[in-house]
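Heads up, there are several structures right after this.
In the two complexes that follow, chain A is the common piece, with chain B as its partner first and chain C second.
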Partner chain A sequence: MTAVAAPDRPRRRTRVPAVVWAFLAVPALVELAMVFWPALNSFYLSFTEWNGLGAAKPIGLDNFRNLASDDVFRGAFENNVIWAVGFGGLSVLGGLALAVALNRPRRGVGLYRSAIYLPMVFSLAVTGLFWRVQYQPDGTINTFLGAIGLESLEKQWLANPDTALYAVLIAAVWRQVGYVMVLYLAGLKSTDPTLDDASAVDGASAWQRFRFVTWPQLRGVNTVVFAVTVIDSLRTFDIVWAMTQGGPYHSSELLSTYMFQQGFTFLNLGYASAIAVVIFALALIFIITYLVRATKEEAA
Partner chain B sequence: MTSATLTPVDSARAGEPAPLNRRKRGWGFHAVMVPLTLLWVAPMVFVLVLAFRSFDDIAARGTAAWPDSFSLEGFQEALGRGTMGRALWTSIQVTVPAVLLSLLLASWAAYALSRFRIPGRRAILLTMLAGNLLPPQILLIPVSRVMESLGIYDTLVALVAIHVGFGLGFYTFVLHGFMRSIPGELTEAARIDGAGPVQIYARIIMPLCRPSLAALGALATTWIFNDLIWAITVLRTEAKLPVTAALLNLQGGYVSNWNVVAAASVIAAVPTAIVFFAFQRHFVSGLLMGSTK
Partner chain C sequence: MISAPLSRRGFLAGLGGVGAAALLGACATGSDDSSGTAASSTLTLQSSLSDPDPKAALTKVVEGYTKNKTTLNTIAIETFRAQLPTYLNSGNPPDVLTWYAGSVARDYASKGFLLDVSDLWAGDGPCANFSPALKELSTADGKQIFIPTNYYWWGVFYRKSAFQEWGVEVPATWDEFIAVCKTIKGKGVPPLSMGTGSTPWVASGWFDYLNLRVNGAEFHRDLLAGKHSFDGPEVKAVMEHYRQLVEYIDPKGRSYSWQDAVTPLASKKAGMYLIGAFITSAVPQDSVDDLDFFRVPIIDPSVPVAEEAPTDGYFASAKSRNVAGAKDLLAYLASAPAQQQFIELAKSSNLPTSPTVDTSKFSPLVQKGITLLNESKAITQFFNRDSSDELQTTADTALTKFLDAPGDVGKILTEWQASAKKVLGS
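Take a look at the complex of A and B:
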């Protein structure tokens, strides 16, 4: 992935052998059949009414009109915004702070890093169950609150519409921070340490060195982290499904869980596809951001 | 848990003496990091302890109490009637072929795109990558229909197929970046000696790609093993569900048997944790692929 591009001058004159076309065609066809063809179908289905039996009935923009007046959809949309900001903000702040703290090698750093990104290897479903256990009425969180004299704060975290979304959010952040930390650690590696040392000699404080020397050098990583986090938060499904299934009373519903319910529980396939198209439209701008970044990397 | 250096680059700078002002703050650093690390691992330790407690102990004294029993009944129940044992086997049957096929097909595409002048190769590469970035929601309903029309709905073949198809774009992109960096002289020399494109792929390119294949393999294993949404999209029969989906079913069936739920989560978490520790270095470099340089 580095700039040591292979000089392809000698190959320029040769034609592409047939077997190489086959090498490309097989994977391309698999992806076409499993990804692009289904994606196109979703767009078509979003303009229809269909319960999976018989033919889909085209109904124009009705699904989207209904979405606009669907309170559950609006709630899920708002929750998704809260989710993107909370999940993104907390995991970026936490990951960045930890990366800066654990950047320089010293005793114990390897152990701290391992501990912090270990949760990342668990599935979101496992993470959800790990935290369900903590949140249940006599679980660790309530017990801890009771032990430090804050009984009044004890709650049924996941059964309470006011707290369910945030309870799930904390669990998701716990898993994501390690990933963001790894990305920032890599970003910090590619910064120029002599700049930092030089500004330290000039008397810059730790905060000034971070803000004016390190931070500007992290711009590339920031773009990636931003795009990845937003794409991830629009995709978020497993952890909510494992912890609350969007409840109670849709209080932790996200677009993805609402789409799944409409599609696979109620078999409103057209309506569910319309929700999927909305998710896609929201993700699109960030997908493009990521691709532009990838193109730059390719060109480098 | 080892304190192995996680990023190889570290060792390069480890030799330098730390600046004095940093050394002074050493105690403060650990005073913050030790509690934070403990807080971070606490949920895992708690679930692990819970999994080894007996039902009676938990029923009498609550989940958060100090353990007063040691029992394997949670694991026995989860692996047996809770079907986690069967689900684990299902997951292996899905993960192994899906990872191998993904890497094989991706290496073909990456080879073709990186070593030959295929018209529009950059556009093809980025389109393939874009497919992996799509939100899965836009694919779920049509994918289940495609599987039905192929006659493989509700089979593990369908699950392998969608994992391969959806992951390909990303794996191709990463391998392409690596293959492009292999000097042209190597393959040119082989070509002059009469090696065809297939031989060059098998004898030169693939052996050189071993590090990135290992990294991608570690990453793909955890992704596919941890998947939930594709499993519940293309499978209907409960007996065919892989680990994550079976875990959620089990949770519904053992609402207040916290030791069984905890044991089942541990069972679902252990394989990826093993992959993580065995391939720690690969895993981290895998995560960085395609995201930063």
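Take a look at the complex of A and C:
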């Protein structure tokens, strides 16, 4: 970047003293040793067979070949897609709707905002335990359905392979929606209210004002929300582990829970690293395509 | 890139900074080293007993050991399980560790991680008078590598007063058992409780027992070692019996953990529960005396009676820096007084492995457990302990699927065999 910009500027640069480089080198080394080195190791391990004992045995691409024929992995992959779409879509839609609804100062609006944000202060594991109680056969949800005469809808939500994943998804969205709402509230605060007023005077409807005046101004926040949501949905682990541990029979398995099980319950560390590499690649693809498109739009 | 020529002052200052950092680092490692040398004469006992009562009990028992200074490290069981290979493989491993007898211990022994403790089993060693079955269980390649200190039994638990209310008698045969189930179901109560939600391994209890009753202990062990097929005719016969039970199992158990499923039993909203003796820790204090159990009914009288008796104890690390001390600690832990003290303080229903422990003061339930195991011809551990945690998950998948759709048994067994083969082949 600087090379392109350099010729047409006078060659007067603030000199960075060497001691600054020395100080910068310390955090750089820490980052290398604590983040990049283990990450590279994980890449290396994905090409080996290792149970934590002795030396890892290089086996080339076997782990990835086994992944391709592993039904549990395929199921976890599909579940992860459902999860990313459901978790991302619902929490963004819900968060945005709540932010727009609670943006205008009104009496008691602070109370609503904090109430909706409140689940965010619980850890995902606690959220999972809380929802597990609701989903019990005699829990709140079934009791409620029975009370309003919908006994036929009562289910063993977490024990039924058709509903387990979605039951966990709802619990996760319940927590995430407050977070997305706060991000969008901050975004809405930075929009220019005079534009909104002007378009209202010009006779634009509420939907038109949102779609053509407010929404374009939220682009910056959208980038953040998108990145946060994709990363959160790919690393989701604790809530699934707390509620179903991927069961019943792998029907709510995600890549992360399968990786944990392979790595830390069965000690197939090479195989688990291969799953980790897949997760990393997925995250990278999503984030890079989005960032490329976002910067292109900005340049245009 | 922005680059700046180095000034001499900047360079010297930078050098000084690097030097200071190196010095600080040296200080830190220096202090580590000194504590390391001091620790080598201290014994380390790494324990997975993280539940409050057993933890307090072991702490008390270790306090009673004065010959060597001993540090007790208690680690949460899931972490312990995951880290165990790392502990054993590290340069300075814990000297003594708690774990399970059976194929898990043999696995580690075959990799050379476990200390040969044969001398504790020979002559007048502390384990010399343990039963031959226990000795066989603790042996790998002709050497003893494990010190069993307590074990427990499995049985069909029920409430005596509930059986009286329903007017049913303890069944001894399979047909009687099914009849009892039918009667209890007729009273509007689910006959069998079973928490297979977050603890799907509970479903293996019935599988193990039905296999022991139909095909016997030897077949069961060979099956778990991969010498027979899970979709063979023998296992199909087992599942035929399991299928007869499905209609009597409380469907809500699919959402419960094994502990949750104790509640219906304790409040007489379920009839019986096939589970280990550890159930007594989950039953409210006032109904423990009302709790009783019976042997899983005999199906084929020509098959020698076998029972599950998972055995817990200790092994020592082959790389221990204080071998004599580690063996001395093991001898202490295996001694009758230490076993008795541990069992009493842990408030468990576990049985001592040492025949010299005075069991006359143990509760009638435990006495009955001792008789049950003494009468059986063969002892197995449990599905995961006789195979591996990885094979256990193939059983969890197959059996919970089977409970949901008993009609698909053929397909489920074929899938089970395929995934078991994958595990056993790797």
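Simple rule for what comes next: the second predicted complex is superposed on the first by the 254 of 300 C-alpha atoms of A that agree within 3 Å, B and C clash if a C-alpha of one lies under 4 Å from a C-alpha of the other, contacts with A are read in each partner's own complex, and residues count from 1 in each chain.
What we mean here is this: a contact is a pair of C-beta atoms (placed from the backbone, for glycine too) under 8 Å apart; a residue touches a chain by one contact, two chains touch by 3 or more.
Fair warning: this is a prediction, and the values are worked out from it, not measured in the lab.
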Original post:
When the two structures are overlaid on chain A, which partner does A:F23 contact: first (chain B), second (chain C), both, or neither?
Top reply: both
**OP:** Please work out whether A:G149 is in contact with chain B alone, chain C alone, both, or neither, and reply first, second, both or neither.
**Re:** neither
Original post:
In this superposed model, does chain C or chain B come into contact with more residues of chain A?
Top reply: B
Original post:
Touch check for A:G203: first (chain B), second (chain C), both, or neither?
Top reply: neither
**OP:** Using the touch definition from the top, say if A:R113 reaches chain B (first), chain C (second), both or neither.
**Re:** first
Original post:
Is A:S190 in contact with chain B, with chain C, with both, or with neither (first, second, both, neither)?
Top reply: first
Original post:
Looking at the overlay, does A:Q136 come into contact with chain B only (first), chain C only (second), both, or neither?
Top reply: both
**OP:** Could you look at A:G60 and tell me whether it touches chain B, chain C, both or neither (first, second, both, neither)?
**Re:** neither
Subject >> First, second, both or neither for A:F264, with chain B first and chain C second >> reply: both
**OP:** Would you tell me the residues on chain A in contact with chain B in one complex that are also in contact with chain C in the other?
**Re:** 2, 16-17, 19, 21, 23, 26, 136, 138, 264
Original post:
Quick one: in the complex, what on chain A touches chain B?
Top reply: 1-2, 4-12, 16-17, 19-21, 23-24, 26-28, 30-31, 33-39, 41-42, 45, 101-102, 104-116, 118-119, 121-126, 129-134, 136, 138-140, 142-144, 174, 179, 182-183, 185-187, 189-190, 193, 197, 200, 220-221, 224, 228, 231, 234-235, 237-238, 241-242, 255-256, 259-260, 263-264, 269, 272-273, 275-277, 279-280, 283, 287, 290-291, 294-295, 297-298, 300
**OP:** Flag every residue of chain C that touches chain A in the complex, lowest number first.
**Re:** 1-2, 4-7, 10-11, 13-14, 17-18, 21, 81-82, 85-86, 88-89, 111, 113, 197-198, 200, 251-252, 254-255, 389-390, 393, 396-397, 400-401, 404, 426
Original post:
Which of the residues in chain B end up touching chain A in this complex?
Top reply: 1-7, 9-11, 13-14, 18-19, 21-22, 26, 29-30, 32-33, 36-37, 40-44, 46-47, 50, 62-64, 105-106, 108-109, 111-118, 122, 124-126, 128-143, 145-146, 161-162, 164-166, 168-169, 172-174, 177-178, 180-184, 188, 196-198, 201, 222, 225-229, 232-233, 244-245, 247-248, 251, 258, 261-262, 264-265, 268-269, 272-273, 275-276, 280, 283-284, 287-293
Original post:
For the complex, which residues does chain A have touching chain C?
Top reply: 2, 13, 15-19, 21-23, 26, 51-54, 135-138, 156-159, 161, 244-245, 247-250, 261, 264-268
